[in-house]
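Next come the structures, one after another.
The following pair of complexes shares a single chain, chain A, combined with chain B in the former and chain C in the latter.
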Partner chain A sequence: MIEAFVSQIRTIWRILLHSFTKAETVQYPEQKPYLAPRYRGRIVLTRDPDGDERCVACNLCAVACPPDCIALQQGTREDGRWYPEFFRINFSRCIMCGMCEEACPTNAIQLTPDFEMCEYDRQNMVYEKEHLLINGTGKYHDYNFYRVSGLKIDGKDKGEAQNEAEPIDVKSLLP
Partner chain B sequence: MSEANLPFIGAILLTVVGGAAVLTWFERRLLGIWQDRYGPNRLGPFGILQVAADMLKLLTKHDWIPPFADRFVFVIAPTAIVISMLMAFAVVPFGPDHYLIDMNVGLLFFLAMSSLAVYSVMLGGLASNNKYALLGGLRAAAQMVSYEVFMGLSLMGVVMLSGSFSLVDIVEAQQDGWYFIPQFLGLYVFIIAGIAESHRLPFDLPEAEHELTAGFHTEYGGMKFTMFMLGEYCGLILLSCMITTLFFGGWLGPFFPPLVWFALKTFGFVCFFILLRAAIPRPRYDQLMALGWTVMLPITLINLVATGAIALWMNQA
Partner chain C sequence: MPTIVIDGKEYEVPQGENILEACLGLGLDLPYFCWHPAMGSIGSCRQCAVIQYQNPEDERGKLVMGCMTPVQDGARFSITNEAASSFREFIIESLMVNHPHDCPVCAEGGECHLQDMTVMAGHRDRRYRGLKKTHRNQYLGPLIHHEMNRCITCYRCVRFYKDYAGGSDLSAMASHDHVYFGRHEDGKLESPFSGNLVEVCPTGVFTDKHLVNDYTRKWDLQSAPSICPGCSVGCNTSPGERYGKLKRVHNRYNPDINGYFLCDKGRFGATYVNSEKRIPAVGRRSKDGLFDAIDSSQALTDIAKGLSTSKVIGIGSPRTSIETNFALQNLVGQQNFCTGISETETALVSACIEAIKESGAKIPSPREIERCDAILILGEDVTNTATRIALSLRQAVRNEAFNMAEGLQLQSWQDAATRMLVQDERSPLFLASPHATQLDDIAEGIFNLSPSNIAHLGYSVASLIEGKKDDAAKKTDANDYGNIAEALLKAERPLIISGTGVTDTSVIKAASSITSALVAKGKETYLSLIYQEANTLGITLLDQGQGPSLSNIFEQGENNSIQTLIIVENDLYRRAAKHKVDKLLQAADQVIVLDILDNETCNQADIVIPASSFAECEGTLINFEGRAQRHFPVFESKHPCRPSWEWLTEIGKISSNKNMLEWQCFDDINKACSESSSTLTGINEVAPDRKYRVGGRKIPRQPHRYSGRTAMVANLSVHEPKQTDDTETPLGFTMEGHSGDRPGELIPFVWAPGWNSNHSVHKLQTGSEGELKGGRSVVKIESKKLIQSKQQVKSVNQNNDQDHFIAVAMYKIFGTGELSSQSPGIIELCESESIELAIEAADKLGVSNGDGVTAHGVNGTVDLEVKINDSLISNCVGIIQGMPGAANINPGEGLSLTRSENWVRRSEIISSDQLGGKNV
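This part shows the complex of A and B:
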């Protein structure tokens, strides 16, 4: 009983001491919080070092996305490269989990340290490809999927990618 | 009541109601400071215009009466608490000449008025016809009735020492020593009973938003809700005024004019009650009742008997 009373008094005293501690609040619109470079905010689609869009429309991000907010349509260009005909992220559903970034084999989809995406109209939260695509490489500067993959496209035959051996003709028995 | 007192009545009403309104903002700021944040600081200097914004919001709210409620009682209930709390201010002596009436039973009048406030809460809970509201009302009734007992008893020590029920006489009797030293047990019990009586945190069991949504005022909104809140804040100011009057020498004090001393002391206690709110968690309901009957009542009785014995002994010597 006495113990409880003393503990209450001690609580009151400890709280009173908080009059002299600084507030933790970040006064947001005037004072911006620090956002680490890998903060997971608004999503962008990046380009490879040659300026071509990186996304190969593999749909892996759409599969990985927990709330299913990515929609895209695959298309093929004349040079054999795949690209998304449309790429749509519904940011009113996105939970900024970063799963899409982890799933992406081409480093195309990346999250950026920007969270200020308020809109008065919910429809405006749906970002199309022209809103998502940026003119840069994002966090990975040298990576170009078509340069390292074995896929054949115009101007790059089988075996011509980085670190790739000449293809072996498996149908011939000759050494 | 003489005609000349009318401006004074107006001044008291204005101060108390205005004070209660500002207190809503002040409390949030203080709680903020003690919880390492700012509280409402945007609107106007230090955010004080928040009061006006809140008023505007509450005044323009849809004044809804639930179709299942008992209309008449539902509307009447919130006014009771405000009226009874404001009535009690009639006997508070703010200064040697600044009081409305010096009743020879002023203390009892205060106790009676603060007990009447329970009707507001109880009827509000009952008339809402909602199970949470009813539970809140029940809790309020049980809590206030039981704490009423030793709230009154805890003050009898003061009455014995001063030999009067009149609040002005009680203050005058504290010329050579404020009562919080000989009556520290009484003060302790009175503070706790007072908080329970005005059902503020940590004893806001009738509201207990975690268990009862909002308790007795679940169904209330707009102006009627404001009335409940106004009553609660008036109760807080009243309680601080009474502690100042009964235990801390009322207007007495060196250098400053009496009114300033009274205001300063009252303000200090208001801050103290907000500190209690910031620091102490809400007890369980049965703990609250057990604390009342098994700890507070014995303490009060011991205090009463001891004070009586000492007063008797002093008179003989």
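This part shows the complex of A and C:
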């Protein structure tokens, strides 16, 4: 009986003390919370250090996506690069899980610490490439897939990628 | 059957197999590269290493290559042994040393045997720090993309291309780690089977160029079991679609027909489905001559009204399904239904049917052709008219090799050893043709003769076999053709091939008489007769010679007795001379055309209705052996396209056609068709009907990892539409459903856990090259049930003057097919309309390549470009079939030629691909 009474008093005392602590609630949207750089928010498509789009339309993000909300079509550019003819994310389905970013072999698709993407009309949640592509490298500054890949593109001949030897002269008899 | 022990477990395996085959047959995973079920073992990649123990006490064992070790009763093996598995991991690590970092931009990714095997063998991290070798690519034509960096030197490409398919322009070059697989110089791959490199290459060295430039991963392709509509062989295919476009065609395993390989026309000749020439709407010609898009229901009502009040003629087509033709036949009545095949061809098909009925020979499937050990080809240019059979023939001449190997107790899968043993020994193949063919390199005897002389050869061989010849005059025959008769008599399974391609009924009759003679000698004889289109035999059996012939219809047109003419999927300008067709189309009051692509006949129509292609509708085709097969829609028809049989049924219903009122779906038409005549009985059993379910579930067309479901059409509306219900077939436009064992005719694509490439087909087979586990319905029309058409055909007046040339039909794999030649890639390979002349003939006329000649025949004159073919016999000229001017010349007729004076030479066309694709 006494124990229960003490417990009640202690609880009331503690709650009273909370009246003097600093409030956790912030005045959003005037006041913004801190979000870490790796916070998983709005998805962007980035560019490589040379300013060309990084996405090579390999479809790995689309296949990794649990709600299947990414659709794209590959095309081949004049210079030999693969690129997405269209790239569409249906953000009304996206669950911000970041699997697409993990799957991306070129660091093209990245999640950003921006979550403010509410819309009155759901149709506006469908983002096309023009809405997704940013003018920057995002979190990964140096990576350029085509400098590593063996595919020949304008400005990078066979044998000029990282870790590649000069092309073999098939007609040479030298060992 | 021997019992072997693998990892302590006993298994019974078929006699004569190797360990790799046996393991795969048992469902055990063992990585491999150079082995191929159809090409055997050479043991070069060292990937399928296993441990073999001498006896139960042996704990160490020795490392052996699975593909080179025959199974023996009581033999003991281990796949999982640490020594074997680490060996396999090292091997793949060394193969990957030079492999580029390309997977994201490689068209093989996601269905790559190298990816699968790397994961299976357990190699993960690259340890080698040296530089990667690189190679320059070659331009290999508009069909195949080359990326040599990705090569792992398994040698499968050259083994297929040179050894299996008999090509000569792809080989291994340079030595040691410089080895390079390509041509001696840039240029298109010449073999008509080059497309198989896409599937044979375990990685992305050879890829489908059309797909590379409009790429979709295998997991995103919606596929359905289909049949190639390119020729009368009826290879099984698996076309893949995404975003409403047909992206590619892959082989679908059928042990009787195509096995693992397709021809290039089948593989690359289906993308006409995406053509801009597709008819976009139901159109009616307005007064100004242009077409106005009109409401389809209005159009159908108008047509139906016309049907009840006027004389109607329906012209069907041998390139579309039995059901479409059957629906048309029901709509207009049998006496008004014409097959749409030209007179000459109808006569040839009847002769073929008669030959089959009379000779008593067996009609072989392509697989059975591979087992025949002496072959005589009479006139048919098989490589161009039934391309897949040419590949089977190349295997058939190897029977001698297998016999020799058996003599040394060498298994048939010991590929390198067998080839070394036999060198150039081949089973006999004799060829009679007016010109050189692509099978000449494997022929023991080549006879360049005119069609009538080919028939003479045939009859001579027949009488030699019968042993009737005794008078001296005929001794010359024995000298010339004695070895043919001897070889056919010596063989266990002789095969005679002919067909409608040579356009001479006497050749077919000669083939029949040889076959009868062999049958009379008690031989297991095979007779294979080739038709020109996918359903030529089917429509002939449907018609049974009851309907009017094309020329009959032209006559009716001239008498102005046709009010309405319905033409279904048939460009009449390819079937008969232009002036005749012009007259017919003008004489009819109303011309209604249902077709897939816009063509000359559509241009003359009053109402044009867009039809679905083979990839968008269901249908049954009957191939050259009388085998009925079903193709299923891969994707939904784009509005307003609908299958022709659906349009026709609709018209029939509006006009209250008694039979057609009851037809609610495809199965009803199919069933009605099979009940309509005893010949076609059974075509409703070709594939399971629309109500077929496995455990209550349909069979999905999409792989289980199909992506983008909620985004594909989100640009149109964010509210995802429900997946379309497929009420016509047992397949669903979905990724959900039953994906275990299915009947063979319902396998849309192949996949198995850990096996993403087409090699996964072994999980669906019972043993390599074996039957499908889910079973397969084989519906073949028995030859005794065949009914030949009774049409009497006026024989073409042959002009045998010295100044006249005999027109000989010639065929091109790319160009003769009406629809396939509209596919991108193939368009570039199509030759221009031309007349082929022997050198002597060209000299006499004073013309050379590229000049023009005027041909004067029974249908007037035609100007054609000259192409010199030095293999052609001098009194014949080759007319390439399927080209615009070709229909004006009847094969077999006598032509007089004059040099065309005001001919303008064509300017050279530079291949678009070489022009723009410096990186391609």
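Of note:
As a convention for this text, the second predicted complex is superposed on the first by the 161 of 175 C-alpha atoms of A that agree within 3 Å, B and C clash if a C-alpha of one lies under 4 Å from a C-alpha of the other, contacts with A are read in each partner's own complex, and residues count from 1 in each chain.
FYI, a contact is a pair of C-beta atoms (placed from the backbone, for glycine too) under 8 Å apart; a residue touches a chain by one contact, two chains touch by 3 or more.
Given the structure is predicted, the values throughout are model-derived calculations rather than measurements.
When both complexes are superposed on chain A, chain B and chain C fit side by side without a clash.
For chain A, the partner with contacts to more residues, out of chain B and chain C, is C.
Using the contact criterion defined above for the overlaid structures, shared-chain residue A:L132 touches neither chain B nor chain C, since it reaches no partner. Judged by the touch definition given at the top, the superposed model places A:Q74 against chain C, while chain B stays out of reach. In the superposition on chain A, A:C100 contacts neither chain B nor chain C.
Applying the stated contact rule after C-alpha superposition, one finds that A:L111 touches neither chain B nor chain C. Of the two partner chains, chain C is the only one touched by A:V148; chain B is not.
In the superposed pair of complexes, A:Q8 makes contact with chain B only, with no contact to chain C. Touch criterion met: A:E166 reaches chain C, while chain B stays clear of it. Of the two partner chains, chain B is the only one touched by A:T21; chain C is not.
Put simply, chain B and chain C get as close as 30 Å, counting only Cα atoms, in the superposed view. When both complexes are aligned on chain A by C-alpha atoms, no chain A residue touches chain B in the first and chain C in the second. Partner chain A is touched in their complex by these residues of chain B: 32-38, 275-276, 278-280, 295.
Contact residues of chain A toward chain C in the complex are 56-60, 62-63, 65, 67-76, 78-80, 82, 88-90, 92-93, 105-106, 122-123, 125-126, 128, 145, 148-154, 158-159, 161, 163-168, 170-172, 175. Per the touch definition, chain A reaches chain B in the complex via residues 1, 8, 11-12, 14-16, 18-19, 21-25, 27. Across the interface of their complex, chain A is touched by residues 100-105, 109-110, 131-137, 147, 149-150, 173-174, 176, 178, 180, 182, 212-217, 219-220, 242-243, 705-712, 714-715, 717-719, 916, 918-920 of chain C.
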